[in-house]
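Letters A, B and C mark the chains in the order given here, with residues in each chain numbered from 1 onward.
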Amino acid sequence: MKNLLSLVNGPQTFGQGRTFWSAALLLLVAALFFPLFVSNYTVGNVAFFAVWVFMALGLSLIWGYGGMLSFGQTAFFGMAGYSYGVIAINFGQQSNLTFLSLILALVMAGLLALLIGYFMIYGRITGVFVGIVTLSLTLTLATFVNQTAGPEWRIGRARLNGYNGMTRIPPLSIPWVDGKLYFEGTAFYFLVLALLVVTYLGLRILVNSRFGNVLVAIRENPDRAELLGYDIRRYQLAAFVIGSTLAGLSGALYTAWGQFIAPASMALPAAAMPIIWVAVGGRKDLTATMVGTLLVLWLFQSLIVISQQYALIFIGALLLVTILFTPGGYLVWLMEHWQAYTERRRERAVPLPSGRPVAEGAAE
Amino acid sequence: MTALLQANGLEKRFGGLKAVDGLSLAVEEGELHCLIGPNGAGKSTFFKLILGRYPPTAGTVHFKGEDITKLVAAARVRKGMSVKMQVPGVFPQLPVVQNLTIALQSHFGGSDLPREVERLLAFVDLTRDARKLAGNLSHGQKQWLEIAMAVGVTPTLLLLDEPTAGMSPEETWKTGEMILSLNKGGMTVLVVEHDMAFVRQIAKRVSVLHFGKLFAQGDIDTITNDEAVQEIYLGKGHHAH
Amino acid sequence: MLQTISYLYQVADVFAFLVLAAAGLAIIFGMMGIINMAHGEFIAVGAYVTTYSYQAGAPLVLGILLGSAAAGLFGIALERTVVRRFYHRPIDSLVATWGISLIMTQGALLLFGSGAPGVGTPFGSVAVAGGSFSIYRLVLLLIAVLVLAGLYLVFMKTRFGVHARATMQNAAMARSLGVPVDRVYAATFGLGAALAGLAGGLYAPTMTLSPMMGGSFVIEAFVTVVAGGADVLVGTPPAAIVLAVIKATATSFYGQVYGVMGLLVAVCIVVRVLPDGFTGWMTRRST
């Protein structure tokens, strides 16, 4: 346990003490028992929320830790979603290999990310131009798929269906004792929860490792990192591919849950959503991103019942206020101030043998 | 014996201008070599050619006997060079201790890493500020942090480009002492400098550049008393104090 | 013969559209280093004011000028309150103006509903070599050229222009020389917004009015600005020509959709090959 803690804690993430991890554990337990108290429908809905978190965490890695603003998350979302659809429709159902379809969908998203990432990063495209290029490519993909409505647009038995979207995609299932276990409702919820825990912990380990150190160094001063002997492009490409594949995971899960995927998931305004979630919560910290994404999604869903316009206006206003006052993200701002507060308290509480407290450099 | 660093006939053209013009220079192992010259003499350009920031239009660079002319900067650093550029290059939003960790982590492992970081912090007098964000250090402290980062990887050749730029006289002196002690420990150092007092403090061997060529070379006293050198700094008819 | 004329007409048409759509964005980007994601909404403001003025009885030309002015004033107001905190922070300004864009489009949807009757395209069409071409769109080409010429005069021959170019080069230096930098920024942003409003007003007769209509301009505008680079006089015209050719060619072979895709792919290639856009390429050639 101690070893695991030393791996997931580190300079790149807030929340390392006992309080934090106890709270996290409690939340996990609550999440495990949650389905007992609510309807299957609600459970499915909550799982649907959680599906988007992978995309947000991926963007946090690419943008918050890697310093590259990628507008491409929804492109990989769509790529994996459509790949899952195509593979599952053609092969999945009969051979009970929908999970293989999921994995292959991730591979497809990863390959696309490798291609785009290589083009950009080794082409020395930096800063805001990464955003522009990824946005352009995302819109290109969305525009292209949008006009594939005709029956000639098909891969095997799967029709792309243009702006209407691909339908009748088999859900995730595995062979079970008496036929098949379909991952819907509660089963899907537990699957997503498990994936979320693994992803979160895995990313924490990654960003707090030597890889993570170099990645944030590249974000801070790429020139200096290079002059320390690091091949910065390799690190950037790795972060980009991992983060984009996570977006693919969101896409594949979304498609498997709803049995549907459409180009609207890739185009504006969908393409802007990950940026908004991550910007509001805080891109520099994984926990802030995760919590922030869930919060904004929940707020958005609550408001969209009233009116889609109000919901989007709220989001726009939230974005503006966040960038104006806490450009690093609202939750990160809270965490930073909390950390400063606890450090000051610790400083004041260190007593000399004479009993008088004295300010000292905070030991950790 | 082959010099540690050997530049042969280096030339760098920018459009019509030859910033470095057929420069050949050798730095022996264990030397503390200073590169001086008036503004525009080509010191910075030469420095960047050695580092590998851009390729020369002609000439070669050899390091430890190996031709490194075609290698990029990161690759040259991996071969045992280390550099500190003129403008402080630290990681501003990361704490000081993490700046050092990043510099050292590919050279030290396990429990050696934090120990080395501690040692270097003490060497540049930054132990008290270890948890401060590097961007919040004073200018001089940033320079020292970067020197610590450059030095901590125990390079074979340390390249310094005006390391005391923007420092107070006390800080400059301290930096000089630091460099002298490093050199005494066996590190080869090549320093580009403007500040003559600093050069006096540390230099054993001095090369003077002028119009991209090697103008004079020798130990510090010979050079400062050389009338031709005085002229290129101060113009004809002038003599240094 | 008809095909050639038709093709040239298409290129000219796209060129005019790109120049008019991008001019405002380019000026703002070149001067203040910010990416204005609300650009499409300024265009929409111009279009709406123009249409409503026309329907209230004003002549079309007046309506267009009003639209442009309205957008300009709105831009200045926005600059003074929000945008000025984001100068030379392209990523933060991108996100912030995105928020503004969302608020504007959704707010407009609430207030005006999703569509409104537009103005018909004036001037009718002319028959050449067996094909029929809209005169209005040729007028737009003329206006695009006039806009470029006008911008040249403003930036090169007026005091404001000198101040603006000084501020663009080195704001701190300009300030210490007595240039009222804050006012230059506000005026420039207003100018950029007014140009966007002009584009909206000019194209309003050719489109259906809708709060989302800015979206039809935004991709083209962005692509042109990225390809053109920071200087609207040196970079935007060549970028617009090249992109117009690409779009017209792609459209005539494969249709509208591929035209847009062609632009998007082109911008990726340009960013890769000419990092400072055509501005960088043109200025490098002259040294």
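Convention: a contact is a pair of C-beta atoms (placed from the backbone, for glycine too) under 8 Å apart; a residue touches a chain by one contact, two chains touch by 3 or more.
Remember, predicted model here, so these are calculated numbers, not experimental data.
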Centre-most chain [mean C-alpha coordinates]: A
Going by C-alpha centroids, which chain is farthest from subunit A? Tell me that one. B
Averaging over Cα atoms per chain, report the distance between subunit A and subunit B in Å. 43
Distance between chain centroids, defined by C-alpha means - subunit B, subunit C (Å): 49
How many Å are there between the centre of subunit A and the centre of subunit C, using C-alpha atoms for each centre? 35
Check each residue of subunit B and list the ones that touch at least two other chains. none
As the complex stands, subunit A meets subunit B at residues 11, 210, 213-214, 216-217, 220-221, 223-232, 361-362, 364
Quick one: in the complex, what on subunit A touches subunit C? 69, 119, 123-125, 127-129, 131-133, 136-137, 139-140, 143-144, 146-147, 268-269, 272, 275-276, 279, 307-310, 312-313, 315-320, 323-324, 327
Sites on subunit B touched by subunit A in the complex: 51, 73-74, 77-78, 83, 85, 89-95, 98, 101-103, 105-106, 128, 130-131, 146, 149, 153
Quick check on the complex: what are the subunit C residues that touch subunit A? 35, 82, 85-86, 90-92, 94-96, 98-103, 105-107, 109-110, 215, 219, 222-223, 226, 257, 260-261, 264-265, 267-268, 271-272, 275
